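Chain naming follows the written order as A, B and C, and within any one chain the residues start at number 1.
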Amino acid sequence: MSCKSAQILLIAIAGLGSLTANGGELTGTLKKIAETGSITLGHRDSSIPFSYLDDKQQAVGYAMDLCLRIVEAVKSELHRPDLKVQLNPVTSATRIPLMANGTIDLECGSTTNNLERQQQVAFTITHFVTATRLLAKKSSHIATLADLKGKTVVSTAGTSNHKLIAQLNNERHLGMRVLAAKDHAEAFLMVESGRAAAFAMDDILLYGLAANSKHPDDYAISEDALSLEPYGIMLRKDDPAFQTLVDDAMKKIYSSGEIEKIYEKWFLQAIPPRGINLNVAMSAALRKVVAQPTRSGNPDDYR
Amino acid sequence: MNYHWNWQIFLAASPEGGTYLAGFAWGLLWTVATSLAAWIMALALGSLVGVLRTLPGHGWRRLGDAYVEIFRNIPLIVQMFLWYFVLPELVPQALGDWLKQLPDAAFYNAVIALGFFTSARIAEQVRAGIQSIPRGQSQAAVALGLTRAQTYRYVLLPMAYRIIIPPLTSEFMNTVKNSAVGLTIGLMELTGVARAMQEFSFQVFEAFTAATAAYLLITLSIVFAMRALERRLAIPGFIQRTGGT
Amino acid sequence: MFSDFDFDVIARSLPYLFKEGMVFTLSITAAAMGAGIVLGTLLALARLSAPRPLAVAAAAYVNFIRSLPLVLVIFWFYFLVPWIGQWLTGAERPLLVGPYLSSFITFSLFEAAFYCEIMRAGIQSIPRGQIAAGYALGLSHRQTMINVVLPQAFRNMLPVLLTQSIVLFQDTSLVYVLSISDFLGAAAKVAQRDGRLVEMYVFAAAVYFIISYGASLGVKRLQARLAVPR
């Protein structure tokens, strides 16, 4: 077989994976979804406004809405309008193992897409770009990382922010005690109750947590950013058919302009449970992604 | 299987500085320190309450019973939360703030919670130990003119402790295992270190395997140490060694 | 001290706490207790009367599980069970295991080691003469075990088995580390959402106490009633 015909054959085989209407073989996640008749979404407890529990303890949010659109695309691809959507709570610490071991099919939250994580899992098109900043009580006057020397800092276990703060603490000899909380709400609680001086996290989540707290005016978020974090919905690695389907669904949301409505609903309007408006306009970095969709895990591609 | 094994990860540098292996050594140290400190506290408090529960008079016994029931019927993790999150809010603010700012607050909290929790169990063992001693012994002590305190100090307690060495051994192993609950308030003991390593490196199974091996090592050491102790302290002609468990 | 204790936050979240949280906690407790006792009894029989390799394997399992912290075992199983399921069933992908099923498997397998030791003590407490009597009546080993030894061992050990189940009930609260909405998980979620941790944690402690203490009183009564006159 010539090199060229081999290539054509390979392309044809790869194409088969996504062809289902004609009775082509399904593979990976799509096969699993078709056989079990259900798709499992991993959701978060307190990643406001991406994926969190509202006052009725239902999982809602920006990433949840995007995921439900992706589920629609899966339904039409498989011709299975009856597909059941199952929800499984995940934490920052459990999301990657649960994705790898097949418990969840899509992780709809606020997960940073980076090259390190891409060794274990895959990501679809970036849906938000944020930066690591510090949240502290105004009364403690913390503006930069240096102000935290010798103090206690909390971050959420299993996040890239926790790793970053541990690294900076070590490199810059800051002598901070770095606590790892189970989820964002618990980490915020550590600052609220005075157990920690600051909470290192993606700024957008910090805005959400502070805005929803009992006394939003008590908190300040630092100016300087410690890192840039592109968020992506997570899926299993080495699953080209599902990856293409999910990527295409995301691209369609972006090109059709539907993204504007979804973005507005969660960032520029009152959101449950307390009817607070985060009022965060779409950043230039995200506008760039919407215009030219990418799933790069390299922060430099977003500057 | 979608998993990439990498045992060399232990020699890789962790983001907190040092290798992951060094992190495990620290975790082991915190586990041992927490369990030992909690154990000493539990043994002291448990003995006191256990003795209370054998004293004549309903008042003392009720007090001892109430103590045991409270610490035995609330899950350890909830007790940890009560000490860590609730207590500082209930005391005067200055004291509460001081408690929260303590360096290694998670360690002190874990020791106190685990100490009280375990003391209720030890109290139960000590009471049973004392009550298993034939009445004749305390009657003989009274006949010799010993006061009640002296009877406990020289006759009942030395006997009781030796009798309850086997249950105390398993209680100590429980303390080591229970110290892992400390990770819920931020204590970086073995399980906590394994969890952190899993989060930083994504090598889930290597991390948990290492922690598992470390716990087996601790358990084996305790079993051997306690067997030696038991043999040394055996009361001749009193406790039959049945051998094996 | 309790001047700004907000009872309202408890009242408002009662349906969520009990209908979701407590139902999860109690159903896991009951299911794991049933499966754990059955499995534990099988393990005990294996340790006492199975061919040597099986007896050694059962003993190794029991001692292994008993030297690990439950929190670690919870992490292990939550991540590993789908893969074990794949291996057992020969499926081509990891089995889909939700939080409920995963917790059920974890607690059943973990508590089985403890129930095993209780049942072993129970079986050993039956006088040898009874087994001899069973054989003399022409019963097989299996029949003797099922009809003579196990019912008595179970009856003698019922209070201890139930006490261990109260421990199991308290232990289920550790699924908190996986962010599962058991009773404690539900209470913690409300506590963190509304910033009312004093109220919620004190309330959770009170509920656990009332249930555990009530159950232990029940066990004591049962113990008095069951006591076999000798």
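Just so we're on the same page, a contact is a pair of C-beta atoms (placed from the backbone, for glycine too) under 8 Å apart; a residue touches a chain by one contact, two chains touch by 3 or more.
Here the structure is a predicted model, which means the values were calculated and not measured.
Taken together, the touching pairs cover every possible pairing of the chains.
Among the chain pairings, B-C comes first (most C-beta pairs in contact).
Mean C-alpha position of subunit A lies 40 Å from that of subunit B. Subunit C has its Cα centroid 21 Å from the Cα centroid of subunit B.
One simple way to say how far apart two chains are is to compare their mean CA positions; for subunit A and subunit C this gives 36 Å. Residue numbers of subunit C whose C-beta contacts span two or more other chains: 79-80, 83, 86, 94, 176-177, 188, 197.
Those residues of subunit B in touch with two or more other chains are numbered 2-3, 85, 89, 184, 195, 204. In subunit A, the residues touching two or more other chains are 97, 101, 182, 189, 193. Across the complex, subunit C meets subunit B through its residues 1, 64, 67-72, 75-76, 79-80, 83, 86, 94, 166, 170-171, 173-174, 176-177, 184, 188, 197-198, 201-202, 204-205, 208-209, 212-213, 216. By the touch criterion given at the top, residues 16, 20, 78-83, 86, 93-99, 102, 176-181, 188-189, 191-193, 195, 197 of subunit C touch subunit A in their complex. Across the complex, subunit C is touched by residues 1-3, 69-70, 72-79, 81-82, 85-86, 89-90, 173, 176-181, 183-184, 190-191, 194-195, 204-205, 208, 211-212, 215-216, 218-219 of subunit B. Those residues of subunit B that touch subunit A in the complex are listed here as 2-4, 14-17, 85, 88-89, 96-97, 100-101, 103-106, 184, 186, 192, 195-196, 198-200, 202, 204.
Subunit A meets subunit B in the complex at residues 92-93, 96-97, 100-101, 116-117, 119-120, 152, 157-158, 162-164, 166-167, 169-170, 177-182, 189, 193-195, 236-238.
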